[in-house]
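Both of the next two complexes hold subunit A, though its partner changes from subunit B to subunit C.
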Partner chain A sequence: MNTAAPALLRDGRAIWALALGASILFAWATRDLVPWAHEYPRDWIWPIRFEITDFMKWLINDASFGLFSFTDLTRSIAWLLDWPLGLATGLLSTGLMQGQGSDAVQITPPLSWLAVIGAVVAMGHYARDWKLAALVGGCFLYLAMFGQWNSAMITLSSIVVAVPIGVAGGLLLGIVAYRSPWFERAIKPVLDLMQTVPVFAYLVPILFMFGFGPVAAMAATIIYAMPPMVRVTMLALRSVADEIVDFGRMVGCTRRQLTWKVLVPASMPLLMVGVNQVIMLSLNMVIIASMIGAGGLGFDVLAALRRLDIGGGLEAGIAIVVLAVALDRLSQAFATRPPPVHEDPARGWIARHPWLVVALGWIVVTGLAGLVMPGIQAYPKALQVTTGTFWASLVEAINVNFYDALEAVKTAMLLGVLIPFKRFLIGLPWAVVVGLLAVAGWRLGGWRLSLLAGGLALLVVITGQWEKAMITVYLCGISVLIATAIGVPVGIAAAERERLGGVVRAVIDTLQTLPSFVYLMPVVMLFRVGDFSAMIAVVVYALAPAVRYTAHGIRQIDPQLIEAGIAAGCTRRQMLWKIKLPLALPEIMLGINQTIMLALSMLVITALVGTRDLGQEVYIALTKADTGRGIVAGLSVAFIAIIADRLIAAGSMRMRHRLGLAAEGATA
Partner chain B sequence: MDDGVRVENRPVKLACRGVWKLFGADADGFLARYGHAPDNAAIAAAGLIGAVRDANIEVRQGEIFIIMGLSGSGKSTLVRCLSRLIESTAGEILFEGRDLLKAGEAEMIEIRRRKMGMVFQHFALLPHMTVLGNVAFPLEVQGVDRSRREARAREVIELVGLQGREGYYPRELSGGQQQRVGIARSLAVEPELWFLDEPFSALDPLIRREMQDEFLRLQQMLRKTIVFITHDFDEAIRLADRIAIMKDGRIIQIGSPEELVTAPATEYVAEFTRDIPRAKVLSAASVMLPPGGDYAGQVSADAKIAAIAAQVEAADRPFAVVGPDGAVVGRIDRETVIAVLVGRDPAGRAAP
Partner chain C sequence: MFDRVRAAVTGGVVAVSLMASAAAFAAVESKDPIKLTLHDWTGQLITTKIMGEVLKKAGYNIEYVQADYIAQFAGLESGDLHVAMEMWETTGRDAMDASFKTGKTENFGETGMQAIEEWWYPLYMKERCPGLPDWQALNKCAEAFSVPETAPKGRYLGGPVTWGGYDDERVEALGLNFEVVHAGTDAALFAELESAYQRKAPILLWIYTPHWATAKYQGEWVEFPKYTPECYTDPKWGSNPNLAYDCGKPRGPIWKVGWAGVKTKWPGAYNAIKAFKLNNDEMSAMIVEVDLDGKDLDGVVAAWVDANEARWKTWIK
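Then we have the complex of A and B:
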């Protein structure tokens, strides 16, 4: 006995079997003995959410830093955000105004549609070539032709203001983190948390502090879009060659000179990747932030969703897609612009900046012409095309012709898979789940991981979120399974056939640039509201990483190993199952990990189509401006994400070690 | 100003005494506990890496001092300790008699701005700046105004033969041209101490040769005090006044190329010198016979055999070897020269 037990403990599979057996036995035997282990008693719930709400109330009403109160602080932040936003909306949408509210008088008209299109075409050509210029120009022309111009310009003006602030803030924080290891240690967990807390949860306290309106939306957008810039900045500064840093120090740079004259310029190409991310995340958030008062395209989608006006919603949704594609391609082109070539110094400023001059001239000319010809100032109404009725009748046609088929699929899935799985998960005693998570953490990463996984799960329990959390896990789990079942084979196929790979990559890239809101429209159109619709939206949204990581994992296998397999006479099937998949598995696991993260973030958005999970809880908190409720539910989602992330990352690491692969690519 | 003064009589510009660099936790405490003389076994047992162990060198004004070692021998770490790019674990680094390790940050910045220049293996050019901008950069950092720093930059660009390329960006230049920019940039501030960290290692052999000649030409004009790092023994022999050979963090021998070839301190040094053509390293003084008899002509005592071989071989009588003061110190004959050329031990070689 004494010698048998440790031996048994050393065998991994035995531990799993033991833990699972014990928990099943426990669940079956103790139903009546210890009911509190099955259903967490209401009296034991830690009322943290009320405490948070009270704290927020105190913050807004009474908190003071001596010279000024907390409200003064939020007001001054609001003022700081308000005037650039006013300027940007003035330029792009409403025209510059003098005076307040209804007394406001327009001083100048906004930039005309021709001026804006001309400017983006010039940027496209400057950043790459005529092809890109045509694409970007075409995208903006689409917005004008299909009557989405004004909403799109309001959205764009938010982005124009949010992006520079987000980039500057991220850059500064990144620089501080690069310089001070202490600050880096402090900020890393915050960044992790910010990327896993669902977006809605940001909105609640911001709504509380800034009130409903475009400024609150702007604050949320900046906070949401900044963390990747911080990370990219740290990475970019670290990747500057040691010799360049040594050089900077050898010529006697002060710390400030080293940062601004050497490190930042030398890492510019990588920093631009961060800028692209900030732009895309800002777009995503500006759309979502329509819930707390951002106008523009997001508001159009939201309003259409609420009215169930499929046609209008799809129109606005497509406009978001078009805007996203234009912004993404343009900023990527700027990021990958070839480095400068030497110039003839004799040429003047105008000769060296032809595109800037042309664009400025174009703006002035169209602006003046617009004063006399209204058709140049605003796109003529008579030439607008509306597709709303077309989409509405298309949806109607689909529903008339395919209603039965769609409904049958939906019902079969619901009855056969979704509901039983949901029942099973909700039926599990919380104590067993927490225990199993702790065991899994211990096996995969030692006692610290065990403590983390078990502790976070326990926090979800004692804050009274257990049942909603399990519904979240159920929806997320099913969606991830389906996304994996589709994504991994597609990724394998994409890796093995080059042309297919190119097509798949293009599709995936586009899918990833789309704001999450956009996915809701077609799903609601076909399946109406409910868990099934939510699941479909989540699967589509979360598919990309599963495909991408699988394809990457298969492509990076050492060709010698493939040759060894061929030499050993493997069939194609054996090759796949015995060589490629096992070797690509760690990478595939990381892809699934990313899929889970995306699924969780999308799941919260799907609260709009009527789920009952933690996302719905956050959404309700948002509509009621109940900070405590929103933060507790939002953190619970983040905890689920962190548990999944750490367990999978640890598992992937172990696998890499076992396969003798380098630890590159592992999440730190 | 140094002309005519033999290297060993010039003042010491840079010296390091008992410099250690250990990587790992609590390296300071470890070194103190072992009385600044731990042996290799103790270092390994403590889990530390001894990148530089008890280095002592003296670099004299105007000499080319080469630190030679294979990769991992600690030569790059040592030069970074000398320039204080990394902090030594222990020891003294004396620059013009002042201990650099005691200098504060502001003082160090000032010394680097005015008195030191460095050339890097992979050039370390700033990708976003033109050649002119790169070369003027050290002056820009000092706050020199634009027209003055660009005028100075154009001067050094011309010195390294890159005139006409001022507006180019680094990636538009070949490797050799990029390193010329690196050299010009390090000379822009007229440094007194010039560090070159494997400056030619990343270049093709032909270009490397050309750059070595260029380097010698520049040094003929500028007479800088130079600390030059290389892993290439041929390069060291070609360029050095004196060479320090490093292995596993320790300096195992310091000497002129000739001393290393004629009297290698260890088997390891001998291994390097084995394939070096003796005629290019040995001087007439090191192989001469005692004076006597009748001479065909005179050769200088420090002339290399390769330079005088044809002349001596063609004559039927030996040549007189004369010292710096013009006195005859020995004779050299055809057999001795041929013995050196074919790599045989010259019979009458003077004892080292």
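Then we have the complex of A and C:
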């Protein structure tokens, strides 16, 4: 293999040169000869979207399994989901109610703000220490002080139900995929679809199936937030050292024991990355969920921005962030909490659960006190604070004083990079692009990949989405390049310096959970409606995985290898390029993969600024409740993602073969 | 299995509603909650909450559900949702037509408010373009409305493509030297207006009312040839004999729509919803109180309900 490599490489280059040369010649020579290869004729478009709409109608109205109809099935799922959600909402926000609507009678008031803060502080201390307790308590205090409490509790109640379902479902699917290669092959494309088909595309069907309201919103949230958990579970289980698995087998574990007592605990640190992602993505859906009836903080953000209340939008947006931080840190702490040294069953139940007792006592005391003193039940209005017009004034000051400078940067970037790149991509004949993708697939991963890449691209063409797809590729491509160029170095730096790592993590978590709407409006004010504003929003959002996975990849390198490098006299530079980066490559590639996925999922939001890509198409379909149109455009987005993902994966596989790292095994 | 579960649930609901109705002061047809949809703009929240509070006074059980303006039709058709209090002729026509065709939803009549949508500019642009508000002045000062990407053409910021509005067609038919850029949402639209207004920079955009923007910013509508239905359908009409759309945008009522089953399930509420009327001035005043003066929305609604008892009493009689 090694001796053959140079020859193969030269051969490969020749093939690339040949393919490129042929395409340029083709593009230049055949514009008039075969115009259909340049611009796909309208009459040839496959009207699949009408068929999908009809199918959906049939599914909702007529489909039946004999005893019960399809709608009965989905409605009963919705009914099941409604139980935990109703309970959570009752405890946290509305109080337990009897009856419906405005006639409902409150049986008990909701947990008071003091009770909730007390409970989370107790959880923080139980899970780790006073520092965490203070952080979590501070987060919740923010919600009360800034007047976000009621909305935050509505959001929290849907999150505390959605996240465990997402994590458990993801973990189970991941384990099955780990055990059965067949299932893994089947589920991977499904995961890609779940993550890349823009949420707007399946909102309408979900509303049909689950009815209007918080449950439908929660179903959409779970669909959106679960895939990273499945992926991470597969990666985590596979990266458990063989010795540990062998040891488990030697002591005679059953398959079930091996999974739950050996594999899952051993891969806990990486699994927690997945839990973190589920929490982050669930909170990410808060805005979109509020569009279909979830209410809560997402609704506040939307409403504030509709009246251009930048400060109000930011305060509600930050409330989502602090919720995310509190939940994430708590869940991480619970997972890494060392098991108690010994349990003395002779001691009473109370002595063994001091924190639980204290928290329950606190809830009862504040609950009773709240009946007499309203300030204990609900945070007193007089003590609420707000940043008021500070943020609006800040944006105004920047706008008035620096607009011209910003405008100059933007115009240069637009005219120098964005517009030429866009024109180039749109000008490419579709036949050439499909051909090149097929060649790339063949070179990187053989004829199967070639068929997949070429075939999916062809599907985009024949459903009539080509031009919009190219605009999508242009916008996401540039954004992913910029996000990677910023994210990977930041991730490396964060991994090498402990303190910087903490800061970076906080910033990244904020960027990923702060609804992009909050910064999108100031961005529009400074850069106007257009591609540039959209690009900024995509970069900011998609940065997170590039940083996070790079940092994780560098941190998990075996310290012995680093020491070996130092002993061999590597310079810092050599350490980075010859040892750390190659060893972290699988994680970095997973990070870039996720960056692409997030960039594509952000199309939904950029559509709200005003772009003309597939995201816009999906958004139009949503506002016209056109199921077929939305799904076809949504699938086109997913196909772009899958092509990019598979080509990158195959490319990095080859790279690792060349670097002799193939034995490391973990694939994205 | 599922039917049994459903029966159990319905049974529970009936039991609870029997208890509840004993307490209510007025006899109403059904104590199941009437679900009114809330969207994300203040005017709609006010309209809906006023209706809801009035229905509550009549003894009805009310539930507010947040839902998207267009996506809600799925819920209205299935009966998951019952009433949508603001459906604008100008933006909701297609969705309404499609939905009414199913027979599962129906038009509950006008709200009494009129939607206005048109090209709009801040007053300071009048100095830079003296012929305004007449549309023919636009071409003379296209340059004054231009930005680097569009120069020498002027830039017109249109609404989201989903709003329709035929602005691209209008520009072509009237031979306007302008480029149409579509904002993605109205939040983006007003963000640009705010930004331009702060710098007194040129801007020409799509504005609609009732909305706080027409109260906060001083400006005027561009005066196009007045809209008639023929203008949109007949190319021969108007200044351009070859193209349609050589006129301004239509103005139209804001409608109330809802689930067709409301009529039989809650006849009294149905009549009250049909009778509901507000006018543009009342609505604008309330929007300004909430969005610009920062008053609490529920407080503003309660104040209206207190002050207009005689009016809403006739709705629920």
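Rule of thumb we're sticking to: the second predicted complex is superposed on the first by the 463 of 668 C-alpha atoms of A that agree within 3 Å, B and C clash if a C-alpha of one lies under 4 Å from a C-alpha of the other, contacts with A are read in each partner's own complex, and residues count from 1 in each chain.
One rule holds in what follows: contacts are C-beta pairs under 8 Å (C-beta built on N, C-alpha and C of every residue); 3 or more make two chains touch, one makes a residue touch a chain.
Quick caveat, the model's predicted, so the values are computed rather than measured.
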Partner chain in contact with A:K261 - subunit B first, subunit C second, else both or neither: first
Which superposed partner A:E498 touches (first subunit B, second subunit C, both, neither): neither
First (subunit B), second (subunit C), both or neither touched by A:G252: first
Which of subunit B and subunit C A:I292 touches, first, second, both or neither: second
Comparing the two partners subunit B and subunit C, which touches a greater set of residues in subunit A: C
Subunit B versus subunit C as contact partner of A:G610, first or second or both or neither: second
Which of subunit B and subunit C A:D43 touches, first, second, both or neither: neither
Common ground on subunit A, meaning residues reached by subunit C in one complex and by subunit B in the other: none
In the complex with subunit C, residue positions of subunit A that touch it: 67-68, 72-73, 75-76, 79, 98-103, 105, 203-204, 207-208, 211-213, 290-295, 299, 302-303, 305-308, 396, 399-400, 403, 407, 411, 414, 517, 520-522, 524-526, 528-530, 606-611, 616, 619-620, 622-625
Contacting residues of subunit C [partner subunit A, same complex]: 1-3, 5, 9, 13, 16-17, 19-20, 24, 31-35, 40-42, 52, 56, 61-63, 65-75, 78, 80-81, 94-95, 98, 147-149, 157, 160-162, 181-192, 194-195, 198-199, 201, 212, 291
List of subunit A residues in touch with subunit B within their complex: 241, 243-244, 246-247, 249-254, 257, 261-262, 265-266, 268, 339-345
Touching residues (chain side subunit B, partner subunit A) in the complex: 80, 83, 85, 109-114, 116-118, 120-124, 126-130, 137-138, 140-142, 165, 167-169, 171-172, 189, 195
